[in-house]
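Scrolling down, you'll hit the structures one after another.
Two complexes, one shared chain (chain A), two partners (chain B, chain C).
Our next item is the complex of A and B:
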C-alpha cells in the first residue's frame, strides 16, 4: 500500500466523475453535458469540440451576468440555478465557486 | 505673553565613498538560438487532448456530488412538465400573407423581348442582379443583352430603373455573386465565355474574362459558381456548359484574364451507369444544364444533363477524361462517380439541402421534383410540380422541409414535406400571363424574401409569410427520417 506521511493514498477518483456524468446523461432528453471551470474553460464534455467551445464561452458570460443581477437586487442573495428555455431545447446551469455544470435537454425527446 | 520659539535643526549625511572597479568579459563561444510559438486560434479554449493522464481537477468530484441530485431532479421534472405546452413567443412580427413587394423591370430589355435567365443575390442580401438572355429558340447568338442590379435597401428604389446596367455583347445565361465580396459578379455567356464584373469600378466593369481562347467553352455556359480555390481565402470561378465541360478559372485581375486552373469533361462513355442509359446516340459529350455544389462536402458536386442524367462528381477525381485534347492548357479529368436514375428530359435545376448532407432535389422537363439521397440511385420521393416544364428549384434556407420550384406555367410552387398532402403549401402566381418562370433564389440574409425571374423580363420579389420561413419544432428530425427511408 502506497503511503505518504503515514496516510493511505486514495486511488485517482476518475470513475466517480464519469459515473456521475453517465447518470446525468441517462436522464430523459439529455443532449449534452459540459463542465466548465471558473475561467470559462471546458474541462469535460459529451459534445463535439466546436459546440463545446461555443457553449462554454457564451454561457460563462451569461451566468456571470445572471449572478450579478441577483446580487445587485439583493446582496444577501446569490444565484443557485439558471435555466434558459428556447424553442428547441433547454439549457440548465448549476453554478458553483469553481465549476459550472451545463446540461442541455430537449424535454420533448 | 507667549513666546514662539522656532527650533531648527540641521542635519546632513554623506555616504562613504563608493568603491568602484572595472572588469570586462568576453564570451569565447557563441551560439544562436530562437524560439517561436505556433499561431493557434483560441489557445485559451483548446481542450486538453483526450487520453492523457492529467491530474483530476481538484474539487470536481465534490462539486458533482453537490449538484448531481438537484440537476437530476430538475431534468426529470422538466421532462414530465406540461408548463410550457402550447407556449409560443413572438419575437418578430408574424406575417400571415405572402405578397409581391417589388416587380423589377428593365424596360429596354423587355422591349427587345429578352428574358430573365438567371438571378443572384449579393452576399449582403441587399442587391439583386439579373441576367438577360433568351432560353427559347431563336438566333440570339449575336444579340446584345445586359445584367441589371437593383439595391432593394436603397431609398428611392425605382423598380423600373435598375441601379446599374452592365451591357454585354452576348446573352448572359448564368450569374453568380461572389460569396464574400459584394461587388464581384461572375457571368456565363451564350458564346461560352465567362466574365467577372466588378461593380465598384467606374469605367470598364469587366474585372476578368476568359475571352475566346482554346480553353473556353464552345457551347453556352449554363451555370457559374464561386468555389473555394487551392489557397485559403481565394475563390475561383466554376463554369459548366452544354459542351460537357466543367472548368475552374482563377481570377487574374492584373491581366484582366480568367486563367484556366482545372477542368473536367463529362464523356458519355465514362459515366458510371447502374441503370439503362438513354438511347440517345448523339455526341459523346454530356451537356451540362445544371450544377449544384454541396455545402457539406466541398469535394462533391452534382451535375444535371441535357439527356436527363444526374451525376455525382468529385473535384478530386483523378481519372483522365477520354476527350481528345483540343488545345486546352490543362488536362481534363472525368469527375463522375455515381449515376442516379435518369430523368425523362433535361434536368434544369439541382439543389443540395442545407439541412441534410445526403439530400438534394432535382427538377426537369418532366414536371416532377425528385427528392434524392446521395446514397442511392432511385429517388426517395417524386412530387408532381406542374404539367409543364419545371425550370428551377431551391431549398428554403430556414425551413428544412420546404422547397420552392419554378414552373413553365408562370407559377412558383412551394412544397412543405412536413405536410401529409403532396400538394403545394403555397402557389405564387407571377402574373406573367402564363409565361414561364426561369429562376428563383432565396435571399441569403433576409429569410423572408424570395426573388423570381420570369420570361417576360421581370423579376418579382416576394415577401413570404412566417409559416413559410419559421422553422417548426422537430423539422430537422423529420427531414432525417425522410432521408433514411429506402425507396422501393
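Our next item is the complex of A and C:
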C-alpha cells in the first residue's frame, strides 16, 4: 500500500514545475524557456534543439562572467537576475547554485 | 648666628669681649669645634649664677661651671635641662670645670656658649692681646660683624690640603719584614739552586688569561648604507620546437540523456529553484508588457510628424514610357503635346540629336530621313499610332484649340507647317476595327507649308495659336474674332522675328485697306499624297500676316538670357510708310543661359514663369523692376519648366541630369519640395495634363527620345490644408491639456514638498 501511494504521489512535483513553466510561457511575448544545469547542459526547453544548445552554451558563459563580476566587486553580493535587452527581444536569466532558467521574450508584441 | 650670640657668656671684660667678638667675626659663618653655643633659660641662669647682665656681663662674660653641677642638673631636670643636648660632651670633658661664656652680641647665635676643650678654656681665659690690634686693622669694613680686633693665632684647622702632601710623601705602608739567620751562618757562602715552580704546590701563582666578558662588546648598532638592485637571476631554458600542423576538431554539445533529464526535472532542488525564481520572471515579463522602456519616443515622434504633409507627395510614379526603336532611335524629342480631346494620346516631335556642324555635314542623310511627329497611345507603348511627316525637324507644334485635327508646327528651317489628321481620328480614338490591324503606322503628310522665303530665317522655337476669341489685324490691333475659331498663329524664332500668320484664305484679308498688303495668293494644288486640301490655299505661298522685327539682336526667348517685353503694335513710319514695330519697352537680363521657357500661369494671367540657365524666375506683368521670385542657382542647368495645371503654386522644372524638381512655392521657396530622377539624360519637355479631376498626368520626354508619363499624385491642395489645420487643432488641444496636467503635477509636487 505504501508503494502504491508513493507511486501515486510521485508525479506531483513534476507537475508543479510544469505548471510554473506553463504559466511563464503563457505570458505575452514569451518565445521560449530553457532550464540549464550548472554546467550548461540543457535540461528542459521549449525551443528546438539547436537553438537550445546554442543559448545554453553562450548564456552559461555570460552568467559566469556576470556573476564573477558582481562577486569581485563585493564578495558578499551575488547575481540574482540578468536581463539582456536587444533590438529584437529580451533574454532574462535567473541563476542559481545548481541551475539557471532562461526566458526569451519579445517585449514589443 | 643668633644662637651663637646668645651663648656668648658675659663674664669677660669689655676689652676681652671686643677681642672675642673680633675672633667671632672671623668665625661668623660657623662656630669653631671646641665651643658650643647654647641657650640658657632664666631658671638655669639663676641656678648657675650666670644671669645675663648681672652675674655675667659684657665685660666679664666668663663663668666657670662645675662639671658635677651640670651633671646633677641634667639628672634632675632630664630633658628639660638646657644642657641635655650636650650631655655627652659634658661628660667627656676631661676637667672638672667648664667655661661658660656669655655671648652678649650673639656672635655664635646664642646668648651663651660653652667651651668644650681645656685648651680652648685656657685660650679664652688668657687671651692673646698682641695680635688683636693688627688683625682688626686688616679686616674689611663691609663685614656684618665689623669689629676692630687683632687676631690671635688660632689652631690650624685642617681643610684637607695635607692629604695631598701625605700622598706624595713616602711612608711605610706595611711593617717591615725582619729576616734573621743564626750567627754561625754569617758570612758563609750562599748556594742558590733552582726549583721548578711546578714541583711544589703553590710554587707559582699563575695569572691565566681569560676572556673577560666585560671587554667583548657586541656591536649593537652600525651605521651602514644599503642599495637596492633588482633581483637578477640568470637562468636558461631549452624550448621545444613545435611546428604547426593542420588538425581539426569536431565537437558536439554535451547533452543529457532522457532519463537524466527526467531525474533532474523531478528533483526537489529543481522544484525549489523554479518556485523561487518564477516570481522574478513574472515581474520582468509584466514590466515588458506594460511598457517598452527602450522605445525611443523622440524618434517615433518625428516620424509621425513627417507623415503629415512635409513630403506627403509620393514620388511620381512612372506609368508608361514610349520609345520607338525605328523612328525615335538616336533622336531626341523636342516637344510634347497632349491631344486635347482624345484621352491617352500624346504627340511628340522627334528631331535629330545633332549639332549644327553635324547637320551641315550630314545634310544629305537628313534629307533621306524625314522628320516626324509621332502620336503615341497609352494602349500601345511600342508602336506609334500616327506619324506626321514634316519637311524638316519640328521644334514646336501645337494642336489647334478649336479644332484638334489641325496641327501647326514650326520647322527648323523657318517654315510653318499645317497638318490635318481628320481622317485618322478614329484610329487615334482607338475605335479601330479588328480587320484593320496594321503593322505599319500610317503617315500623314503636311497639307500646307509656308514659303521658305516668307518664313523665319531661323528655326522656329515657339508657335502658338491665338485664342479663338480675337484676332489681330494687319496693323497689330487686336480685334474680335467673329468666327469663334482659331485662325491666327504666332511664331517666333532666334532671328528676332515674331510673325503672325493667318490661316484663312486671303480673300478675307483683301478687304482691309493697307498701304502694303501682304497678299497670300491662292494656288490650287494637286493632291498627290492624299493630303487633304484644307489649306491648299496657303500651301507654299503662305505668308505671315505681320512681321515684327525686334530691334535687338534677341527676341523673347534670347540666346543669352535676355528677356524682352514688348508691344507688338506696328507703327507707321510717316516718312517711308513702312511699318515697323515699336521699341521694346523692357528688357531684363536675369538668366545666365538661354531662356528656354516662357509661360503664363494657368491660374494667374499676369504671372509668367521663365526658365533659363541655372535658375527660373517668376514675373508679374506690370512690375517692371524685375522678377518677383527668382530661384537660387541649382546644380544643374534647368532645361524646361512648366506650371502645374492643378495647383497654382506648383511648377515643374526639368534639369539636364534628368531630374524633375517639383517646386511648391507655398511650401518652400528656397529649394524644390521634391526632386525625382526620371531619366538619365536631359529632360527636354514637360507637359502636365489633367485627364480628369482625379487623374493628373505628367508627360516627360528626354534627350534620348523616350517619352514617359506618370501620374501625379492627386493631392488636392485645399483638402490637404484642411487636414493639416484639423491636425494642428488637435495637436494644440493635446498640448494644452498636457500643459495643464503638467502644471497640476508641479503644483501638487510643490505642496507636497512644502508640507514636508
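Everything below uses one rule, namely that the second predicted complex is superposed on the first by the 98 of 109 C-alpha atoms of A that agree within 3 Å, B and C clash if a C-alpha of one lies under 4 Å from a C-alpha of the other, contacts with A are read in each partner's own complex, and residues count from 1 in each chain.
The criterion applied here is as follows: contacts are C-beta pairs under 8 Å (C-beta built on N, C-alpha and C of every residue); 3 or more make two chains touch, one makes a residue touch a chain.
Note that the structure is a prediction, hence the values are computed from the model and not measured.
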Which of chain B and chain C A:96 touches, first, second, both or neither: both
Which superposed partner A:88 touches (first chain B, second chain C, both, neither): first
Residues of chain A at both interfaces, chain B in one complex, chain C in the other: 13-14, 16-17, 20-21, 23-24, 27-30, 35, 37, 41-44, 53, 56-57, 81, 83, 85, 90, 92, 94, 96, 98-99, 101, 103, 105, 107-108
Chain A residues touching chain C - in the complex, by the definition given at the top: 10, 13-14, 16-17, 20-21, 23-24, 27-30, 35, 37, 39-44, 53, 56-57, 80-81, 83, 85, 90, 92, 94, 96, 98-99, 101, 103, 105, 107-108
Chain C residues within the chain A interface of the complex: 253-256, 261, 264-266, 268-271, 273-278, 280-282, 284-286, 288-289, 292, 294-295
Chain A - residues contacting chain B, complex: 12-14, 16-17, 20-21, 23-24, 27-30, 35, 37, 41-45, 49, 52-53, 56-57, 81, 83, 85, 87-88, 90, 92, 94, 96, 98-99, 101, 103, 105, 107-108
Chain B to chain A touching residues, read off their complex: 42, 44-45, 47-48, 56-61, 63-68, 70-72, 74-76, 78-79, 81, 84, 89, 473-474
